[in-house]
Amino acid sequence: MSFWFLVVSRWQSILESTWEHILIVAVAVCVAVVLGVGLGVMITYWRSLAGPVLYFCQVVMTIPSLAMLGLLLPVFGIGYKTGVATLILYSLLPIVRNTYAGIEGIEPAIIEAAKGMGMREITILRRIKLPLAWPVILAGIRTAVVMIVGIAAIASYIGAGGLGEFIFRGISQWNLQLVLVGAVCVSILAVLADGLLKRVEGRTRR
Amino acid sequence: MRRLISKYGIIWLISLLFLLPLLSGCSGGQAQRAPGAIDKWVFATDHEFSVRPDGLPELLKLYGFEFDEVRIMDLGVTYGALRDGQVAAAMGFATDGRIAAFDLVNLEDDKNFFPVYNPAPVVRKEILDRYPELEEILGRIGPLLDTETMINLNAQVDVENKDPKEVARQWLLEQGLIKEEAPAPTKGKIVVGSKEFTEQLILGAITIQVLADAGFEAVDSTGLAGSEVVRKALTSGEIDVYWEYTGTAWLVHLGHDEPLTDSEECYNRVKEEDLARYNLVWLTYAPFDNTYTIMMRKADAEALGIKTISDLARVINEGRK
Amino acid sequence: MFVTCGGAAAVYFVENPGSAMAARVLTYNHLAVLTAQHVGMVVISSLLAATTALPLGILISRPRLRLLGTILENIVNIGQTIPSIAVIALSFTVLGLGFNTALFALWLYSLLPILRNTYAGIMSVPPGVREAAVGMGMRPWRILFKVELPLAFPIIMAGIRTAVVVNVGTATLATFIGAGGFGHLIVTGIMVRRLQLLLSGCILSALLAMLCDHLLGMVEEKVKASI
Amino acid sequence: MIKLEGVTKIFPRQKVPAVKNLSMEVAEGEICVLVGPSGCGKTTTMKMINRLIEPTEGKIYVNGRDVAEVDPIKLRQNIGYVIQEIGLFPHMTIAENIATVPREKGWPEDKIQERVDVLLELVGLDPEVYRNRKPADLSGGQRQRVGVARALAADPPILLMDEPFGAVDPITRAHLQNEFLSLQKKMKKTIMFVTHDIDEAIKMGDKIAVMRAGELVQYDTPDRILSAPADDFVVALVGHNRALKRLNLVKAGDVARKDVPVAKGTCSLEEAKKLLQADNLPVIVIVDGLNRPRGVAYKEELLRRNGQAHLQEIMTPLESVADEDATLYDALSTMLNYGERYVVVMNHNKEFQGIITFGYLLELMKENGS
């Protein structure tokens, strides 16, 4: 059976899985952005925390994703939740790092000027720091998204759904076409997400 | 830097030496050998079976033999590994379509090691009370499904890539269980569920079409994740009927620790307990048993005269001497 | 330090398997085999990847092959969006079961970051520096080895480090295709819900990743000092 | 010696030639400065000489040999090449940077090290201090010195310099220019020098080639460029104050009046008055025993005083002085700075060389201008 025949005959389940995949990634990214940016901002105020937090994120990155899924499995149980939790952890590093770098990279004179004009710290953060650091943060989000779209495929193994199911079923059935469907769809998703965020990035830069 | 270059050259050479045999090794794929000429007994299994108390370790103990090597891989890959001759024997599921398609045979579990997993339609009591004819309508299906038949149906989906619904319809027509055209629904709505793998999809499709033929409005809710999910859907009333395996119900849903290895006994005890505890009715069960199985290539098995796991144990143990 | 941690973790888990099922898997012999498999996969595939990606990256950064370079760069970028499990699965369905297939998949997957960083590293050499080298009459080979590669070295090394760390993680997936490794512990642990198995697999593979990263960091320092 | 014959360069996918039918010759030991607005083809012209760019048409000869027939590697190794400070290899030490071409040529290591030290001394950097530093540790001016040293490493007869002093601040630049000129006095290299700064061109060049849109507009001595610009483009390029700029072309030491009254501090006022009467100078220069100027005595002051005093007692310490290498422009600006009508010129040993007065300066310009 050819690849295209498979795509045509199973388009419904492919679409369904793709939607699941998007959903897991989207939920994870949303949570990770809130957490990551928050954490990133926090460590610009408590400098002593910056080292440990960034190191923790670094360590997370070295843990194989399959192992991470396994570790969180007893906590969140089979399925969706473990998948999302894992993806959140993996997307934290790029987002936290870039938030930190983005804010630290702002010209001190700008913040000086804002302070000099009598702006309160919270206003400075909201009106000056975050908008200026936003392109860098967005770049971090982009890295995170591309990465976790791929990791989400592995999360199918613990029942999180998504396009990884095609890949795992492809292994089980020794079926190249099934694997291809999974791989190609994940890859397309990643490229699309990347392109989309790049455009958003371009718009904010302007 | 100059030192680095010379080092680099050496690494390059070494890796070339690695790469060449690798590439030539890759292109081969299927090992060619005469039937029965097995010099090393390699066994393929998935991760779970390799450590479960009712899995490989106890099986080996019961039959009294050892494999030379156990290779662990993803469930389902074992069939292909066996077909390509990369292993001599493998574990699988008894009704998998690939057993027929790949020219494999199930070795008979002559010491009744494996627990039984006969499927039967499970209905909520209240539905059966409302439509007592269901017992007869669905009860007809089970006895017609023996292991051979189920392997064939599975093979049509898994190997020939047919649609489960089409496979089910074809079989039902052949058996004369349904007419060409289903009548317009005159009776009530019945929601049919199933787990997500091939066999369950076929069983679900069969059920739907039989019900439709009998004038019910059969709603398709097949392909729901794993057994926990489907079972929950049944008890909560989201679905009305699905096919469950006796062994699964006994070990998972009813929470017993000791697996049962006799079909009749297992069915009766499950039926009794499920009705009492959960108000679920088990209809007539099918004779096919989707349990673990030990498989070999048909050619190898015939050449070595192996039919049962005991035969296998004997051949291996004799080969050692 | 990593080795000590890993050893301690292994010993602890072997001595306290927590259940009969875990005890069956967690023996010193078995762990040694799994470690050998995992390390073997990672080391061989990484070495192969480095030795193929470096020359290739250098090749496509030559001005005459600039077009090829841009094309290949795009292919690599798209290739990196393919999930690791898919690469393993694809090579498995084409090449069949086993260690060599895993090796091939890992090689292919670590090729990309190294190739990309080699190319990017060489392209990042300031044009003024390259022009000065050409203008002074340095021979092309000497420019490559004395100017371009030393300047690109940190970027290339970053690529290799990324590749190896990812490689350690991807190698855990090789257990699905019968190539063993720490993934065996993890998958078995997930399958039969035994935390001890799971943890031992996680900790060993994470430690291996950190160890590799650390060693490569040391190599980087050494080489940097020597050029 | 560099000779270009009908050289044209058209870059791929471009219609307009970057360099159009250019012919010129740089004599041995001369500095030829290519000057013009950016994009006029001056850098392209220069890069064709060491074959970083191949000409579309025409021939280029270096020391009488057609460069197209010389192995580009050999060719380049015998042509020093200086570009802005960015051209230093950031990962190599200063010594390694300088040693690049000698290494390429396969010199023995001890000779290379010796050469590196000599060159570092030559460009005014202490070898002990700078040999093992990296370019990043140096200031812009120091890096530029290293750039020059590197180009001179294998003692090439020809130097190509592409805006070599472009990236440093004006004060450092003037410093580097002066040093380089005095170096060139000893080296006598044939130099092709590219800049967009007309002042630099006037200061550095023996000959200036003004280019516009790939064509040679005027190729002449700086003086002629200033006094007889070929067309409006050159006029605009040199600017409206070209008369003032011409002062840049004359060295103070070359024109300073030497036939002026000089006296020792122990000289009596009466004698000094006698010396002064012969001339209309505003001051009399007081020197010590080694002919080094110590101060001046103003004419009015001298004439007002009577008696047996010595010159020493009415001496004003020396302020308005210029080096013999300083241009008249510098001399004039010194005069203006101190509000004086004279400037005393000294050589490098601080010995008295002569004096330039404001009136004399006007006379000089009148003579040259006609």
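In this document, chain identifiers A, B, C and D correspond to the written order of the chains, with residue numbering beginning at 1 in each.
One rule holds in what follows: a residue touches a chain if its C-beta (ideal position, glycine included) is under 8 Å from a C-beta of that chain, and two chains touch if they have at least 3 such contacts.
Computed from a predicted model, the values in this text were never measured in an experiment.
Participant: Would you pick out the chains that touch chain C and also touch chain D?
Facilitator: Chains touching both chain C and chain D: none.
Participant: Can you name the chain that lies farthest from chain B, using the mean of each chain's Cα atoms as its centre?
Facilitator: D
Participant: Quick check for you: compute each chain's CA centroid and the global CA centroid, then name the chain with the smallest gap between them.
Facilitator: C
Participant: Can you pull out the chain pair that has more C-beta pairs in contact than any other?
Facilitator: After counting contacts between each pair of chains, the winner is A-C.
Participant: Where the centres are mean C-alpha positions, what is the separation of chain A from chain D, in Å?
Facilitator: 60
Participant: Using Cα averages as centroids, what's the distance between chain A and chain B in whole Å?
Facilitator: Measuring from centre to centre gives 37 Å for this pair.
Participant: What is the distance, in whole Å, between the centres of chain A and chain C, each centre taken as the mean of its C-alpha atoms?
Facilitator: 22
Participant: What positions in chain C touch 2 or more of the other chains?
Facilitator: 92, 146, 150, 176-177, 187, 227
Participant: Provide the list of chain B residues touching at least two other chains, using ranges where the numbers run on.
Facilitator: Touching at least two other chains: 74, 77, 80.
Participant: Could you tell me which residues belong to chain D and also touch two or more other chains?
Facilitator: Residues of chain D touching two or more partner chains: there are none.
Participant: If every chain is a node and every touching pair an edge, decide which shape results: line, ring, star, complete or other.
Facilitator: other
Participant: Would you mind giving me the full set of chain pairs in touch?
Facilitator: A-B, A-C, B-C, C-D
Participant: Under the definition above, what is the set of chain B residues touching chain A in their complex?
Facilitator: 74-77, 79-80, 158, 161, 163, 225-226
Participant: For the complex, which residues does chain D have touching chain C?
Facilitator: Touching chain C from chain D are residues 47, 50, 52, 72-79, 81, 83-84, 86-91, 100-101, 104, 150-151, 160.
Participant: Which bits of chain A are touching chain C when the two form their complex?
Facilitator: These residues of chain A touch chain C: 59, 61-71, 73-74, 146, 149-154, 157-158, 164, 167-168, 170-171, 174-176, 179-180, 182-183, 186-187, 190-191, 194.
Participant: For chain B, which residues are in contact with chain C within the complex?
Facilitator: 1, 3-5, 8, 11-12, 14-15, 18-19, 22, 25-26, 29-30, 44, 46-48, 50-53, 57, 71-74, 77, 80-81, 84, 86
Participant: Where on chain C is chain D touching in the complex?
Facilitator: 126, 128-129, 131-139, 142, 146-147, 150-151, 227
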